[in-house]
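Presented below are the structures under discussion, each in the form of structure tokens.
Same chain, two partners: subunit A is paired with subunit B first, then with subunit C.
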Partner chain A sequence: MVLANAVTQPEGVRLLLEVENLTKIFGSARNEVVAVDNISFGIYPGEVMSLLGESGSGKSTTARMILRLSKPTKGRIIFKGQDISTLKDIDYWRQVQMIFQDPFSSFNSFYSVHSFLGKAFRLTNNHLSESERTARMEQSMESVGLNAAELLFKRPHELSGGQRQRLMIARALLIGPDLLVADEPTSMIDASSRVGILNMLMDLSRKHKMSILFITHDIGLAYYTSDRLLIMNEGKIVEEGTAEAVVDAPAQPYTKRLLADVPTLRKAWDEEQELA
Partner chain B sequence: MKNLLKAQDLKAYYRLVGGTEIRAVDGVTLQLRPHEVLGIAGESGCGKSTLAAVMSLTHNPPLRVMDGLIMANGSNLLSLPPEQVRRKIKGTYISVVPQGAMNALNPTQRVRNFAIDMLQEHHPEMKKSEATDLAQSRLTDLSLPVRVLDSYPHELSGGMKQRAIIVLSTLLDPKVLIADEPTSALDVSSQRSVIRLLLTLLGEGIITSIAFITHELPLLRQVADRIAIMYAGKLVEVGTMEEIIFDPRHPYTKALMGSMLVPEKHVREQRIEAIPGVPPDLKNPPDGCRFHPRCPRRQEICSREEPLAKTVGDRTTWCWLMQ
Partner chain C sequence: MGEVLILVLRSRRFMIGAVLFLTVLAFGVIGPRIVHRDPFQMVGGLFDSPSEKAMLGTDNLGRDVFTQLMYGTGTSLLIGFVAGVVATCIGVTVGAVAGFKGGFVDELLMGITNILITIPSIVVLILLSIAIRSRSAMVMGVIIGITSWPWTARAVRAQTSSLKTREHVDLARISGYTAVELIIKEILPYMFSYIFMAFILQFSGGITNEATLSMLGLGPFQTVSLGVMLHWALLWEAVRTGAWWAFLPPVVFLTITSFSLMLINAGLDEVFNPRLRKS
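Right after this comes the complex of A and B.
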């Protein structure tokens, strides 16, 4: 089953990624934990989507399976028409890249920015000269708003959290993926720099027709960035729709409760609704 | 009415090896009034947790108070002997729930022992069973399950752990509760249950006031009576919740409010812009107003002279535009 979204995509556009009846069970037969319970969804080329859920909902396990960091117990993941379990790591990761939550522990502190970015070329298989590589690095750093002249030979501890996360994105851009999976990319970044990083990701998605899958518990982030939202709870997708539809008119009780508990700016918490 | 706690011209610096100083709190004057929730908000590194540590008298080297007073009941708490602070102030007048407290419980001890240790520290004659009874009846009063006392920390959910810590930290009915990011690692539903508990403690008169430190302004919109905004070790604006949220005046408060992502229509109607630049290095903060390098409305004077406080009603702003 594929849940297509007729609202944002014209007919005839093929899905970039299809998740079919995906299940992940941890533990032994006697003590099973069903982390992901038979979920299906698809992402179109250039689409920004959020997999939204609280801790323990199974969203990160789903992301790990999409990234091939974990094997599904059941079901399959199709990328551009091919089952990803049949693809080589290097071929897959050339097209699907990731950025993580913690920009402080994503780096080896012994490597400079230059050698960190240089390792990305191992994936892209092209035999560029040293000067061509450096030029590409500078270009990708500038495109994420980093000053290459100043930062290229610095080490991670000399960069702020926001700069490190931008650097992770610069690295992903060097590879030029069709899908970027972003697992809580701004939860450790200050409010004032956070919007800047999200704006940049949205711009890059538009410019390169790169799809982005945000994995997040942050409804504000998902609502601001995404075309579509998938709400996950206890391993299942409980609601799916455009960001406006899900936030303005949630259909499922779980989504309603979740939205009622999120602190917002214009409205005070409604105690009646909470007790209902 | 008299303040419960007041920081007066407080300066607290981290003094590092080699003599470098990080000026994390640099001249802050802030009152905690009776029967209020005072929100203290700002981005990471603005000094809000340092302020919480000093106001709760839990600061340790390399953090030192360089100047200023912490006033309560007419005396400067910073000049009291440590023994008196430990017995007469901590836990009984001021209680603190530090950042990450729920992960600081001893994993090999049942939660009950935390309550017993805390109570016996203040009342050495109290029996273990009396201490347990006291904790039990308080949990019951607050409609929380008594079983948490018999649990080990890993057996409780994050939200339940945090609520247990808050209940146990307030067993001695302190006037002031200082809560540093008490909900930041929690899901929204647990976050709300922690907030509900804090407000119940206030409503029941178990505590008199709360200083709530957070980086989340939408949360303060829900719970705070007044909000203080910090930037780079200084206050930039203090006012009622309505003033700060719905009518911010300082350019930093405005920019910060404007960068909040909440699931409300206005967020999708236009592109939200980040504040350009990064906060300054507090080893060597800029002269004048500390926000001036990033401020869209800076004037010539902003880079030279520190703005003076301008108070109108409940609101105080530190900005040359307001003079």
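Right after this comes the complex of A and C.
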């Protein structure tokens, strides 16, 4: 599949991740549900891209297949030129990581922040001493704006949603992946923390040249964060292009509807005026 | 943890159950170490009624029923405990593997579990007891344990199937955890309360199963248990001859032990299931 905005990338730059004819079907032959229907796309190194669509459109299923948490029914995923089915799990997860949607269920309530972050060292730097690990954890926590001295030995229930989501980012930083899949990372946290976390992710992407695949249903957030948008509906990619191109001149009725559904303060004020 | 402990201590059912059970436990475990009597020593005649010499009378061979009751309680508790541990370990392992793996492994393990559920466990128990020559208290516990795990396996499998879809499990998976580590570190801790309660039920079931087998004459050899006491009482027609002291004390102790474990379970259920708590 030819990417709509391939021209935005410098010539000669190879795709970091390529998704080719990916399909996921759940259920039996009689009662099958096609969650992802023959989609193809690619992500360049350092690119921030959004996979956008309503609930049930197949975004999270796509993300899970990219993370090897779910097997595709058909199609393949190529990472740095290699089919991911030929890579070892550990080697792949060292380079591709994920931030989950729910900051509450992403943490095992039996373990402290220290244990949570410590899991990251299974993928990388397993040879470090305990004090070196703790120092790195503190450093990554500070870099996402968390007070390590105060929080490192706290339990998840003592943290806010925003703090938990920042910890997820701190964990990703400890691993240092080339691609971070962020599945609605701000959908379950309050608005005041939302922009801070998005800005932080974008800063980290620029600083570490890390690609980010945002999974979101919020076209405003996608436009704010992404170089490129992929619009998904009923398992298919219905539109793709640069964020500006898609938002300024949507080609598909579904994209137009998504844009029309974005709430604005202005609109509310206008309606009040009409009522008055 | 502290909050759970406070709730446990506030539960009237749990406290009554715990006091009753600890009393039975002290009687059956500490008692024999203090008294130092041989439960097989003859101290009187056939079915002597309770007297100063034998507090609860004597059995069919003139042996002290009180001493037998003390040793028998200890043996029954040991068999129940071993049965509980074995049944819980097998049930949790089978259920967790089936629920976590899914697919063919799940179907195979649950198929075996369902077949075992449909066969009356008492039949399997009887056949196993007959087949095995050595029947010590430990062996009895193991036999009872390996026939009692299916219900635990089914419940654990259902919970594992649900828990494995949680995001913290996925996060541990993409951190490189193996399947065994995921089950032990990410899934089982969330089932601890259920597993503990299942163990208590299996413990209680183990004691009553031992009594059933022993009454049929398939109890442990060369030792006395509550079931073995009942077997002797039935065999020597203690009921018909009116020697109530030969069968009533083990029946009362069996009832108290099972009742206390049920109360402990109901109390823990209140603690772990907030909807059951009284305001």
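Heads up, the rule we're going with is that the second predicted complex is superposed on the first by the 259 of 276 C-alpha atoms of A that agree within 3 Å, B and C clash if a C-alpha of one lies under 4 Å from a C-alpha of the other, contacts with A are read in each partner's own complex, and residues count from 1 in each chain.
Here is the rule we use: a contact is a pair of C-beta atoms (placed from the backbone, for glycine too) under 8 Å apart; a residue touches a chain by one contact, two chains touch by 3 or more.
None of the values given here were measured: they were computed from a predicted structure.
> For the overlay on subunit A, clash or fit between subunit B and subunit C?
Result for subunit B and subunit C: fit.
> Report for A:L152: first if it touches subunit B alone, second if subunit C alone, otherwise both or neither.
A:L152: touches no partner chain.
> Could you tell me the angle at the CA centre of subunit A between the CA centres of subunit B and subunit C, given to the nearest 10 degrees?
After fitting both complexes on chain A, the angle is 80 degrees.
> After superposition on the shared chain, which partner residues are touched by A:E54: those of subunit B (first), subunit C (second), both, or neither?
Touch status of A:E54: first partner only.
> Based on the superposed arrangement, let me know which partner A:S192 touches: subunit B (first), subunit C (second), both, or neither?
Touch partner of A:S192: subunit B, not subunit C.
> For A:F110 in the superposed arrangement: first (subunit B), second (subunit C), both or neither?
Only subunit C; A:F110 stays clear of subunit B.
> Look at A:S160 in the shared chain and tell me whether it touches subunit B only, subunit C only, both, or neither; answer first, second, both or neither.
It touches subunit B, and subunit C stays clear.
> Would you check which partner chain A:L87 touches, where first means subunit B only, second means subunit C only, and both and neither mean what they say?
Neither: A:L87 stays clear of subunit B and subunit C.
> Give the label of whichever partner, subunit B or subunit C, reaches more residues of subunit A.
Touched residues of subunit A are more numerous for B.
> Applying the document's definition of touch, where does A:I78 land relative to subunit B and subunit C: first, second, both, or neither?
So A:I78 meets neither subunit B nor subunit C here.
> Closest pair of CA atoms, one in subunit B and one in subunit C, after superposing: how far apart in Å?
Taking the overlay as described at the top, subunit B lies 11 Å from subunit C at its nearest C-alpha.
> Using the superposition described at the top, list the residues of subunit A that contact subunit B and also contact subunit C.
The answer is that subunit A has no such residue.
> Across the complex, what residues on subunit A touch subunit C?
Per the touch definition, subunit A meets subunit C at residues 67-69, 89-90, 93, 97-98, 100-102, 105-108, 110, 119-120, 122-123.
> Show me the residue ranges of subunit A that touch subunit B in the complex, using the header's touch definition.
Those residues of subunit A that touch subunit B are 54-55, 160, 162, 190-199, 217-224, 243-244, 247-248, 257-259, 261-269, 274.
> Give the list of subunit B residues in touch with subunit A in this complex.
Of all residues in subunit B, those touching subunit A are 43-44, 158, 187-189, 191-192, 215-219, 221-222, 245, 255-257, 259-268, 271-275, 278-279.
> Considering the complex alone, what residue numbers of subunit C touch subunit A?
The touching residues are 166-168, 170-177, 185-186, 189-190.
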